[in-house]
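Just below sit the structures, each encoded as structure tokens.
Next come two complexes built around subunit A: one with subunit B, the other with subunit C.
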Partner chain A sequence: MVSAARATGRRWSLSSRAAARLRHRSLRAAAVVYLGLMIALPAAVVIDEGFARGLSDLRDGLAYPGAAEAVWLTLATSTAAAVVNAVFGTIIAYVLVRFRFPGRRLLGALVDLPLAIPTLVTGVMLVALYGPASPIGRALEGAGIEVAFARLGILLALLVVTLPFVVRAVQPVLLELDPAEEEAAETLGASGWTTFRRIVLPAIRPAIAAGALLVFARSLGEFGSVVIVSGNITGRTLTAPVLIFQLASQFKPEQAAAVASVLFAISFGTVLITTRLARGRRGGQP
Partner chain B sequence: MSAGFAIRRGGDRDAMFRRRRRAAVLRGMLVALCVLYLAVLLLAPLAGVVWQALRPGWRVLGDTFTRSDVVHAFTLTAVIALITVAVTTAFGVVVAWVLVRQRFRGRAFLNALVDLPFALSPVTVGLACVLLFGRGGWFHDFFAARGIQIIFALPSMVLVTIFISVPFTIREVQPVLEEIGVEEEDAARTLGASVMQTFLRVTLPNIRWGLLYGIALSAARAIGEIGAVLVVSGLIQGRTETATLYIYRAMEERQTASAYVVALTLAGVSVLILAAIEWVKRKRTREDEA
Partner chain C sequence: MSELIRVENLTKRFGDFEAVRDVTFTAEAGSITALLGPSGSGKSTVLRMIAGLETPTRGRIWLGQEEQTHTSVQERRVGFVFQHYALFRHLTVWQNVMFGLAVRRMSKRERRARVEELLELVQLGPFRDRYPDQLSGGQRQRVALARALAPRPNVLLLDEPFGALDARVRQDLRRWLDNLHRELGVTSLLVTHDQDEALELANRLVVMREGRIEQVGTPNEIYNEPATPFVAGFVGSANVLHGHVIDGHMEFGEHRVPIANDLADGIDARAFVRPHDVRVRAGGSGGGSGTARATVERIVTLGWLSRVVLRLGDGQAIVAELPSDELCDVGLGDVVAVDVRRALAFRASDVGRLAEFASVES
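== the complex of A and B ==
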């Protein structure tokens, strides 16, 4: 670019370089202003309001009736969702990459479905099937298994919404892994499970961890599906995001901000760890 | 696979066949397990909502779609999604370009900011909007003095939806820009193309599939957003009620029939978007191979 400009004369080169610099600066300014106004500012106001008087605000937030229970419930269900989807996500990714069977493409598309379906609709779907208005829901209740308006329903909703994360994190790593190593292990007499544990698992472990952490972070904040499924019983099935919504709509923004800050601190830490893990290997979708 | 077995020279054939059969059974069981997991979580609930929506008969469909509040809700959702996609696409390309092509102090921080919406609960985003523009908020007086309604009105609903959708376009375009490098752009510039021509003729065609994928993801997210919009909308029927908010209210009021119909419609639109995503993906990989 510079050499071409030099050929057409020094003055032109100077002005075009100045123009290029101006263009770069203004594009950078646009990016900074966009992210600053759209993202940094809203995050700043929540943190500012949540910690306005330091940690005492945080304590007040957790002291609100049902708040501590809500945060604990959210942590417990999110951890459970991360563990379950780490296991099943890995199995699904392995099956999709290593096996050839009819319907494989459909299975792959199904995994992506939760990215497209509104989370609220996910909640409605679960209530429609497992709720008291459906024969399946009534049958399960008769067997003593409560899904809708219970903690199990919250877990199911989180599992659906975060289904793609581990699969999509593990899949590209598995694709790059040479199956020759696995075949060699099997030829040498290793069982399928030993081969998986000794050869495949070490290679995909970081990807599983990154995916599971994403599941956890996303589950912490999940609202749409949970608000429909959980029934929102204070102290029993009320999660932290639903509590924040209730406090905000009762015009108690300070308490809402305090609970939101607790949640934000945990999930931001998780996302930081995840990006550090992801930096080791390229790729990994949100 | 067969090459692997060919190496086993003196192996017991019987044992080999037994092992192969056991492996085939294990495969079948693993596939069945995956199908079962997806059936319990996705397929059966999807069938459940179809069944519940159509159980009262086809008339419910007509009744629901002629209701003025339902029509208004769908229109509002479309308007919000369109504005959101326009903004996140235009600025998303700029941000991705700046992050990939420029080196400056604070670049890593800017890059980290992009991921922030993944860490914030949508409800918290709505709350932030209330804290900024609501009564006693940082900017409340400024806009109130000019008679501009932000909270409980369209502007705040658009703002929170944009916040939620910011990362998708950027994160899809960034790796593509990194991969294509600067050679083609530089060549076009050297040959006398203007900046705009270079962008439209060289850069844009190169990033189009990544960009389309990002747009589809943003659109799906914007259509389905509930938490953030719920907090800022004030739930004014026929005015600030989107399709998702309509479903929420209908479920609360136990008008489940119309809730199921609207939910099914949104799910249908989402499946169409997903099909478009899959199509774009396949097209992209095919072009990569060519």
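== the complex of A and C ==
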């Protein structure tokens, strides 16, 4: 009786261990296969196509008329978007976490709205708001500021579309920060600004950087809102993603791939920096 | 150098909730005053208003000769010690202590000398390059104290400073703070829910409940002459016995005990009896009017001290605490003579549900 019970017990425990191993393996396989199919494979194809002849493809991509300008414009507007949203995203996150005021929840929900709205719709909204047909657009034009169908419009579209990224990267880190640290700084005589700069900022700096890089990476490829807002004037308001779209729809796949490989190289570099930053944050003392 | 703290009719409302109500007291210059009360009694809010971290709804605050009700946190020059240390986690011990000096723009040499001096004072010199998460709780709180004292604050405010530490460290640190205070003499206000801490450290106690002051007094006054049933139950432990007042005595069952305070004859009352005011003698006979018989129900020995749970003739339980060696001829189930040396009586209607605060249970 006793030995029988022990035997069944052992068989049961063996089979359960085997089941656990099977579960682990199939979950791991699912993760690896899915990531491989969805990301690694297309990335490999782009790298293979784009760099088949080494860096000369990159040069060809930039040699196409208007391509260099388009890549520069994309880089410049993406960088500007990253900087501006790093500042305002941090302010919004700080206000949402530290202050209690009526409408706070609504503001929190508003932050995520750009993720939900199709980017084409964002573009249409911006043209309706700042275009020549609207009173605001006319007033700005009268003051010599062009928004719609100009570079400012591109930046504005990027800012709207990428607004959530820094906010959502900084918010959880701020939530973990003990408000008593800030209060301690103030009792020691530090002003609000000094407290923010010397106590809060060092703690959230990696999160701000990660969010800003995400803004930059997303801005590099932003198409929907930009194609509507920018007017797509070659050499002036034509961005790299829109140029790629034009080349592809004009049945010039090689040129499209060449410009695409330039964008890919830039975004790949961004990802490398991001992972480096993330690793730095995890390891040891700041 | 050190100054008094005075608050007058201090009131704080959070929405509909009145956290602090008409609190008035003075902390003498150079003394330690304790704000003692259960959690939610408003004592931390009072401290935070004095520091300027919270704005009073009503009332006035003086630090020294100057009214500071409307000045900013930075102007008040208080040292504040938080329950969970609130050290700057990305700065070293040295940088933490330096922070308040750097902000106040002293000369570099002066600053360094001051930080050295304070690290010496809190005995953390060798740990100057460590980060807060590389220190024990007790060490962290000493860093927090050094940081608060570095800019030579007018007053020191401590918000449950030992609350997050284990019992042993808490006791060491308490003794250490006592010595430090003797040395520096900085006016200190200590918020605590721990009566031992308050009784041991403070020259004066302010006992709070539900946002109001229950009693202000020296540790002796608070312990021996509690003004309210709440204070009697919260500070020190007490038996609460039901009975009536007759001729300056408390009567419960066949038992009569002289009471220390005046109450009208015949009213329904509750007697508060400290466990160390209960004497137990073997053999249930003899004694005067204050003597009654009781059955020994439980004996708990805590080293030199023993706690005896007794059942009186009228069914009420009473706890006695006495040196273990006085108990040698008393055993479980024995009928013994019980003397109550001293009791305080309060109207039953004033005690109400407060009896639950009394920390002795049968």
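Methods note: the second predicted complex is superposed on the first by the 236 of 286 C-alpha atoms of A that agree within 3 Å, B and C clash if a C-alpha of one lies under 4 Å from a C-alpha of the other, contacts with A are read in each partner's own complex, and residues count from 1 in each chain.
To be clear about the criterion, a residue touches a chain if its C-beta (ideal position, glycine included) is under 8 Å from a C-beta of that chain, and two chains touch if they have at least 3 such contacts.
Because the structure is predicted, anything quoted here is derived from the model rather than measured.
Asks: Counting only touches as set out at the top, which of subunit B and subunit C does A:41 meet: first, second, both, neither?
Replies: first
Asks: Which partner chains sit in contact with A:171 here, subunit B, subunit C, both or neither? Use first/second/both/neither.
Replies: neither
Asks: Return first, second, both or neither, reflecting whether A:159 touches subunit B, subunit C, both chains, or no partner chain.
Replies: After superposing on A, A:159 lies in contact with subunit B but is clear of subunit C.
Asks: Look at A:232 in the shared chain and tell me whether it touches subunit B only, subunit C only, both, or neither; answer first, second, both or neither.
Replies: Neither: A:232 stays clear of subunit B and subunit C.
Asks: Would you check which partner chain A:255 touches, where first means subunit B only, second means subunit C only, and both and neither mean what they say?
Replies: The answer is neither, since A:255 touches no partner chain.
Asks: Can you tell me whether subunit B or subunit C touches more residues on subunit A?
Replies: B
Asks: Between subunit B (first) and subunit C (second), which, if any, makes contact with A:202: first, second, both or neither?
Replies: Only subunit C; A:202 stays clear of subunit B.
Asks: Classify the contacts of A:184 with the two partner chains as first (subunit B alone), second (subunit C alone), both, or neither.
Replies: Both partners.
Asks: Taking the contacts subunit A makes with subunit B in one complex and with subunit C in the other, which residues are shared?
Replies: Touching subunit B in the first complex and subunit C in the second, residues 183-184, 186-187, 285-286 of subunit A appear in both lists.
Asks: Which part of subunit C faces subunit A closely enough to touch in the complex?
Replies: 51-53, 73-74, 76-80, 82, 84, 86-90, 99-100, 103-104, 131, 144, 147-148, 151
Asks: How about subunit A: which of its residues touch subunit B in the complex?
Replies: 1, 4, 23-24, 27-28, 30-32, 34-35, 38-43, 45-46, 49, 88, 91-92, 94-95, 99, 101, 107, 109-122, 124-130, 133-134, 136, 156, 159-160, 163, 183-184, 186-187, 192, 214, 217-218, 220-224, 227-228, 240-242, 244-245, 248-249, 253, 256-257, 260, 263-264, 267-268, 270-271, 275, 282-283, 285-286
Asks: Flag every residue of subunit B that touches subunit A in the complex, lowest number first.
Replies: 1, 3-5, 7-8, 23, 26-27, 30-31, 33-35, 37-38, 41-49, 51-52, 91, 94-95, 97-99, 102, 104, 106, 110, 112-132, 134, 137-138, 159, 162-163, 166-168, 171, 175, 186, 189-190, 195, 217, 220, 223-227, 230-231, 244, 247-248, 251, 256, 259-260, 263, 266-267, 270-271, 273-274, 277-278
Asks: What does subunit A use to touch subunit C in their complex?
Replies: 178, 180-181, 183-191, 194, 198-199, 202-203, 285-286
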